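What follows is a single structure, and I will ask about it in a moment.
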Amino acid sequence: MAGAALEIRDLSAGYGPVRALRHVSLTLPEGSVVAVLGSNGAGKSTLLRAISRTLSFHGGAVTGGTVAFDGRPLTGLTPDRVVAAGLCQVPEGRQVFARMTVADNLRAGALGATGNRAAQAAALRRVHELFPVLAERAGQRAGLLSGGEQQMLAVGRALMAGPKLLLLDEPSLGLAPLMAQRIAETVTEINAQGTAVLLVEQNAAIALRLASHAYVLDVGEVVLSGPADELAASDEVRRRYLGVVDEDAAADASEAVAAHRTLSVWEGK
Amino acid sequence: MSDPIKRLRRPALWTAGAVLLLALPFYLDRFWLQAGLFAMAAAIGAIGLNLLTGSTGQLSMGHAFFLAVGAYGYCVLAGDSTGTLTGLNLPSWLAAVLAVALAGVAGGLFSPIAGRLQGAYLGIATLALIFIGQHVLFNAHDLTGGFNGRDVPPLSLFGVTFDESELLVAAVPFGSAEKLWYVALLALAGCALFARGVLRGRPGRAMNAIRDHRIAAGVLGVPVARYRAGVFVLSSMYAGLAGVLLALVFQRTVPEYFGMILSLEYLAMIVIGGLGSVAGAVVGAVFVSLLPQLLTRYSDALPLVSAPGTGGVAPGEASRYLYGAAVVAVVLFLPGGLVRPAFRRRKTTTSEESP
Amino acid sequence: MTTFAELLLNGISIGSVYALIALGFVVIFRATEVVNFAHASLLLAGGYVTAVLHDDIGFWLALLAGIGGAAAVGAGVEFLVMRRYRGSNHSVLAIVTIGVDILLTTELTRRIGTDVLALGDPWGDSVLTVAGVSVAHTRIAAFVAAGLLITAFLLAFRLTSWGVAMRAAAENSETAALMGVRLGRVSLGAWAVAGGLAAVAALFLTVFPTPGLERSTSLAAMKAFPAAILGGLDSTTGALVGGFLVGITESLATGYQGDLTFLGRGIGDLAPYLVMVAVLLVRPAGLFGTKELARV
Amino acid sequence: MSTEAPVLEVRDLTVRFAGLTALDGIGFTVRPGTVHAVIGPNGAGKSTCFNVLSGVYRATSGSVRFGGEELTGLPAHRIADLGVARTFQNLALPPGATVEDSLMLGRHRLTRTGFVAAGLGLPSAVREEARHRERVREIAAFVGLEDQLARPAGTLPYGQQKLAELARALCMEPKLLLLDEPVAGMTAGERRATAAVVAGVRDSLGISIVLVEHDMGVVMRLADSVTVLDFGRLIADGTPASVQSDPAVVRAYLGEEATS
Amino acid sequence: SSKAKDSGKDGDKPSAGGIKTGQGVTDKTIKLGVLTDMTGVYASLGKSVTQAQQLYVKQVNADGGICGRKVELVVRDHGYDPQKAVSGYTELSPQVLGFAQFIGSPFVAAVKQRVDGQDKGLVIPQAWSASLLGSPYIRVIGNTYDVETINAVDFLMKEKGLKKGDKLGHVYFEGDYGENALAGAKYAAEEAGLTVVEQKIKPTDNDMTAQVAALKKAGVKGVVISAGPRQAASFVGVATAVKLQAPIIGNNSAFSPQLLATQAGPALMKNYYVASPTQPIGTDSPDAKKLVADYKAAYPSDALDNGVVAGWTAASVFGEALKKACTAKDLTREGVDKALLTIDAYDSGFGTTHDFTDPKAPSSRQTVVLQPDKKVTGGMKVVREAEVSKAAESFTVGG
C-alpha cells in the first residue's frame, strides 16, 4: 500500500462548549477512497471542516490533534492554503453561489486550480459531459437551479479544481437514483486518475461499494473502522446504515409506527 | 450563591435603578438632565429603529425624517397661528398623540415603496426621505418656520405645564428639564416594555422570520407585506414620539437637526447596543448621545488636547476621534453589541494553532 | 435650445465625476456586499495627497502618489478594521465604515484646516466651446477617465478571475475559501482599488469649476449614492449610467428651477433622489443590478 | 374531527420561466388522507410544483383546487391559512432562532395576537402563547426533537434540521402537507424513523400528504399513489408498484440497476 | 446633597468696589461664553473668530482687565450640531455673563426663548440675519444681510452699469442667510426697477455651471451671490470661462482669501466684489495694522480673513459694554445689557460706526465694497468706502 496521503491523529474539535469530535484518528492512503459513516450529528461535517480549516466560520475550533497531508501539517493554515495544498471540499448542503451564473460558479471552482488554461478547459468539458444540464444552463443563476442541479453544480465546481484529495460531504444528497449512480461512477473514475477521495455519505451502500476503507463515527468518536467490505458485512452497519432489515418492508413500517408516539389532533381554537 | 438570592437579585437591581432614575432630577444640574433627556428620547427612537432594522431586517437610513414629522407635527398641532406661522392650537397632550399618529401615517405612506426594496437599496431609498424632509422643512415656511425653525409649545398634562415656570418640589426648583424628565422616563419605560412584548410574542417571531427568510415566512402564513408595513408604521411612531420629546427638550425645532447624520447616529446606536434587542437600543442610545457630550464637556481634561490655534488637537476634534474609534471598537470587539458581550465566544486562531 | 444642450452636457460632465465615485462604491459592494460610507474620506485622502505634493513633484506624479496614498489608506482600513469583524451582518459593517469615516475625515479636515487646496491640474479653467455650448476641459478629462476606468473594470470583472473571486467571497465567504479564494487578499485588493478610484474622483471633483479641495469636499461624495443605487450597487455599467442620470437630473432641475418653483426652490439636490426612488419602484435592484432571488 | 382534509386537484398546470418550461400541463389528484408521491429526475419540476401549490410561484396556466378554493393566484400566506403546509428542499430555518421559536412560528396562522396585544402583554396573548407552546412541545416530542427545543436551529446537524422543518410544518396543523425530500441527508435508520413519523401523521391526523423524495424505499413504503414527472411532463401515474415497473420510469429515473 | 434652593445664593450681590455682580462675574474674573464651530461646516469662520477674540481678551487682560477683573473665555465647539449647541448653551449659561460669540443662527433661535425669558445674558451671534433682530439681549453687529445686499445692488447700479429694467441674478443659499439677502435683493430691485432671477443652492453644491448657464440664458446684467466662498469662486470662474458679461458681487460670507491661491484666483480678482459690514483686515488704519501684527504673531500659520475682523469687533463691542457697565457699577447681566443700549457711535477701528440703542435695527447700515487682491493682507482692498444707499436707509429691516 502506498504511503498515507491524509493522516489525522487524535483530532478534537468543538463549537464553543459543544464537543463535536473527540480524538479522531483516520488514515487515508494515497490514491484511495475512504468513507466516513455516521448518523446525524456524529461529527462527519465537523471532521471535513476541521480538515479544510473552515470551522471558524461556524464558531468552532480545533482543540487538539493534527492533520497532515502528504506529510505536511495542515494545522494552522488558512482555508485557501489548504486548497493550495491540493485538498478540495464539496461542502454539505450544496452552497452554490446563488446569485452567480452557473458558468461563474464553475469558474469560481477553478480559482484554486493549479493547472493551465488548457487543463481548465478540459476540466470544464468533463464537467459538462458529466452534467449536461450545467452546460445548458450556463447563463442561469445558480440559485434558480433545482436542488439536484445545484448539487451537481457543487460537485462539478469541485472537479474544476483538479485536487489531489477530494473531500465530499454527502455528494448524492437530493440526487435522483440515476444521478447518484453517475456520481458514484465519477468518484471511481477520478480516483482511477489518481485523486484520493474522502467520502461522507448517508447512502452507505454506495459509500461502502466505492471505498476501500471506512470509518464509522458516533457522537464524535470513531466506533468502527476497517476495510469497507468487512464493515459492510457487520450487523451493526447493516442495520443502522445500510437499512437492511430482516422483516419485509410492511412489517418494518408498522413496527416503526407502533414504536412511535402518535400525535393527537389539535382541538384548540 | 444560593438560589433565592439569585432570584431576588434582578428585581432588586431593577428597583434600585428605578429609584435612582426617579431621584436624579433632585441632584443633577440642567446640563446633565438635558443630556439625559436627549438620551431618553434617542432611546425611544432607537427602540423603534431596532424593531425595523434589527428585528425585521429593513435597513432604514431615513429615520430622522420621522423624528422630524413628530417634532414638527407637534409644533403645528399645538402651536398658535401667529403672523406667518400656522398652528392648530390643540391641547398639547392631544397634539403629542396626534403627532405620533402622524409619524405613523407618514411611515404608512412610505411603506409601499419600502415593501418593494431590500437591504442596501431600501437603506438608500429611505435616505431620499431625509432629503425630501429637509426640502419641505426649509420651504414650507408657514408650517415649519423655515431655516430657523419654530418654537415648541410646552406640554401641559393634568394641569402641569412643562415649561420654565418653576415649581418647588422638596425645596428643589423644578424647571422644564426636571419636569420633563419624568415624562420621558415614563414614555421610555412604556415604549421599552411594549417593544419587548412585541418582540417576544407572535409579531416578533413573524418579524424575525421576515428578516431571516422572507419567502418561507409567507409560506408559514405570515402576511409579509402587511407585516412589513405594520412594522414600518410602528417604528415611525416610535420615531415620532422621540421627535416630540426632543422638540420639548429643545424648545425649538430646527431643520438642520433632522439630517442624515442624525439617521446614521440612530443606526450606530442600535448596532452598538445590539441589533434586535430592546435593551441594546437603550444602551446604544445612551452611549451614542452621551459620549460626545461627555467628551466635549471634559475635553479640557483630556490628554493631548490643546487650545485651538496652538496646532494641537482641538477638543471638538478629539471628541470626534474618540467617537469614531468607539463605534469601530465596539462593533469589532463586541460583535453582538454592548448588551451581548458574551453572546458568542470567539475562538481565537491561537487555540487552533496549538497542536 | 442651447441652454438645454448646455445643461445636458453639463449634466453628463458632472455625471462622469459621480460615476467615478459610484464605481468606488460598486467595487467594495461587489467584493464585500458592504455599502462603504468611508468612501468620502478616501476621496479626501487621495485629493489631499495630490494637493500637497503637486508643487514639489509635478501634477502627474502627485496624482499617482494620491492614488497610491488613497489605495494605502483603503487597504489599511480593510486590514485594520474590516477584516477583524467576525460577524456576517453587512449592515453592521456599513456602520463600522461610518465610524472609520468619522476618524479619517476628522484627521484629514484637521490637516486641511481652513485651506482651499489646488490640485495643480494641467487643464486650468479652459473651456471648449462648440456651437455656443461650452464644456470645461476638466470635465472632458473626467468623461474620458470615467469611460476608460469603467470599461477597464467591466472587462476585469468579466474576464479575470478577480471578479469571480470577489463575488464569490461576497456571497458566501466560507465556500469561497473552500474554492481557494484568499478572502483577505480579495477584500484588501477591493479596498485598495476603491481608494485609488477615490483619488481619481477626488481630482475631478475638486478641479475647475469647483475651487479646490477643502474640508467639505467629502460631502459631495454623498451625491454619488443615488447614482450607485440607480444603476445597481453591483454593476459597473450601472455606476456609469447612474452617474449620468444623476448628473443630468441635477443639472436640468437646477437650470430650470425657475420654471419649477411650484416644487419649492433648490430642487436640484432633491431631484436625483426622486428619480432614484422612481427607478427603484420599477426595478428594485436598480437598472443593472442583480435581482433578488425568488426561489426556495 | 379527523379526515376533514379536502381533495387536492391539480389540472393542466404549466409553469414557464424565461425560455424554460418547468411544468408542462401536468395534473394529478390527491385523495384525502393519502400519501401521494411525486418523483422524477432532478430538474423535473417537482419543487416547482410545490412552489405553485404553496403560492411561491405563479402558474403560467392551469388550476389547483383544494377543496372549494382555487389556489393559483392566492398569495402564500392565504394558502397557508387554508391549511397547506410545506417543508423546503433547501433548508429555510432561521439559523439564530431556537428550535422552539421556529416551531412557534408555525403556529402563526393559528394564533391571533397582534402588535397591540403582544406589546401590552394582554392576558389573552399570554394565555394563547402558553397554550400553543404546549402543543409545540407535543409535536417536537412526536418527531423526536424534544431535547433540542432550546438550541439554535442552525447548530443542529443537517438531518435534524430537516426534522425541525417537518415539525414546523406540522405545527401549522395542516390539512395538506407538502414534504420536499424529507429524508435527504439521513442514514437508513433515521430514514426509517422519519418515514414512520410521516406514516404516523397520516394515520393519526388523517391529512393528505404530498411527498417528493428520491429515496425509493421510503416512497414505496409510504406512498398510496405516485406521479412521475420528467422534464416537466407527466410520464407515469399509478400505484407504487405499477410505477416502479414502468419502463419509461425506469429509463428516465430509476436506472436499470435499481430494479435489478 | 440635592440642589435645593438655599435663599440668597442666586441673587445678584454687591461686591468689591460696590459693583453689583451676578452670574459669571467674581471679584477676579469675568467669564464669557463662546459657542463656536471649529469642526463643522463653519469651521474656518469659527476658528478665525475665536482666535481673534482670544487675542482681544489676552490684550485686555494684559492691560489690567476690565473693572479690575480678568476676562476669561469659556469655549465650546459644537461642530454645527444643534444638540451640542443647545447643550453647550445649557452648560455655559449658568456660569458666564454673556456670550461673545454664538455661531449658527438656527441655534441662536433655538435658545432665544430662554435668553429672552429668563437668562437675559448678552449674546452676540456670528450671523447677520435680520431674523435675529428684535431681542434686547441678542445683538447683531454690523449691517444685516438684507441691508448689505441692498447696498451691494446700489454699488452695481452706480458703478458697474446695471440699469433700470435690467435683470439681476441672485444665487443664494437655502436658509436664512440666503433668504434674508434675497429679501434685500428684491427690495433693492423693486426700488430700482430691476427683475430678480433667483437661483437657490445648497451648501453642498460646489459646481455652479448649471447656475451660470441658467442666469446666462436669462440674460442677467449683474449677479449677487449670497453663498459660501466656494460657490462664489466656482460661479465667478465659470462665468469668466463662458463669458457671462456681468459684474458679480457677493456678501461678506462669500469670500475667503484662501481662494486666491486656487484656479479661480485670477477670475476673482478681475470680476468679483464683496460687500462687507466693515473694512477688510488689510485696511490702512493703525488699529487694523496692529491687529494684523498681533494676530500674525499669535497665530503665525493661520490666514487673516474677515472672521478675524468680525471676532475682534464682537469682542471689543462686548468689552466696551463691560466698561460702560463697570462705570455704572453694575456688572450684572441687566447692567451689561443696559450699558450696550447706551452705546450709539462705537467704532472698532474698521471704518463703520455702530449704534446699539435700538434692538430692532442692525447696529449699522453701512457697507464697504471690497475687491479681492492677492497683494493685500487678507486678500481684499477697498473699492468703495462705507456708505449707506438710499434704498438701505428707507428699508425697514426684517419687515
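Chains here go by letter, A, B, C, D and E, matching the order in which they are written, and residues are numbered from 1 within each.
Keep this in mind: contacts are C-beta pairs under 8 Å (C-beta built on N, C-alpha and C of every residue); 3 or more make two chains touch, one makes a residue touch a chain.
None of these values were measured; they are calculated from a predicted model.
Student: Counting C-beta pairs in contact, which chain pair has more, C-D or B-E?
Tutor: The comparison resolves to B-E.
Student: Of the other chains, whose C-alpha centre is the longest way from the centre of chain C?
Tutor: The most remote chain is D.
Student: If you average the Cα atoms of chain C and of chain E to get two centres, how far apart are those centres in Å?
Tutor: Result: the chain centres lie 36 Å from each other.
Student: Return the distance between the CA-based centres of chain A and chain D, expressed in whole Å.
Tutor: One centre to the other, that is 26 Å.
Student: Averaged over CA atoms, how far is the centre of chain A from the centre of chain B? Could you give it in whole Å?
Tutor: 49
Student: Quick one: chain D and chain E, Cα centre-to-centre, how many Å?
Tutor: That gives a centre separation of 74 Å.
Student: Going by the contact rule already set, what residues in chain E reach two or more other chains?
Tutor: 39, 47, 174, 302
Student: So which bits of chain B are touching at least two other chains?
Tutor: Within chain B, the residues that touch at least two other chains are 138, 215-216, 219, 314, 317, 320, 346.
Student: Among the residues of chain D, which are close enough to touch at least two other chains?
Tutor: Those would be 47, 56, 88-90, 92.
Student: Where on chain C is chain E touching in the complex?
Tutor: 3, 6-7, 10-11, 13-14, 106, 109, 113-118, 124-127, 129, 134, 136, 205, 207-212, 214-217, 219-220, 222-223, 250-251, 254-258, 265-266, 268-269
Student: Which residues of chain B touch chain E once you look at their complex with the stated criterion?
Tutor: Touching chain E from chain B are residues 26-31, 34-35, 38, 138, 146-149, 151, 164, 168, 170-173, 250-252, 254-257, 261, 289, 292-293, 296-297, 307-309, 311, 314-317, 320.
Student: In the complex formed with chain B, which residues of chain D make contact?
Tutor: 54-56, 75-77, 79-81, 85-86, 88, 92-97, 101, 104-109, 111, 113-115, 117-121, 125, 128-129, 168, 172
Student: Which residues of chain E touch chain C in the complex?
Tutor: 39, 41, 43-44, 47-48, 174, 197-211, 213-214, 216-218, 229-230, 233-234, 237-238, 240-242, 256, 258-259, 261-264, 267, 302-303
Student: What part of chain E is in contact with chain B in the complex they form?
Tutor: 2-5, 38-39, 47, 50-51, 54, 75-84, 86-88, 90-91, 94, 104-107, 109-114, 117-118, 129, 131, 174-176, 179, 298-299, 301-302
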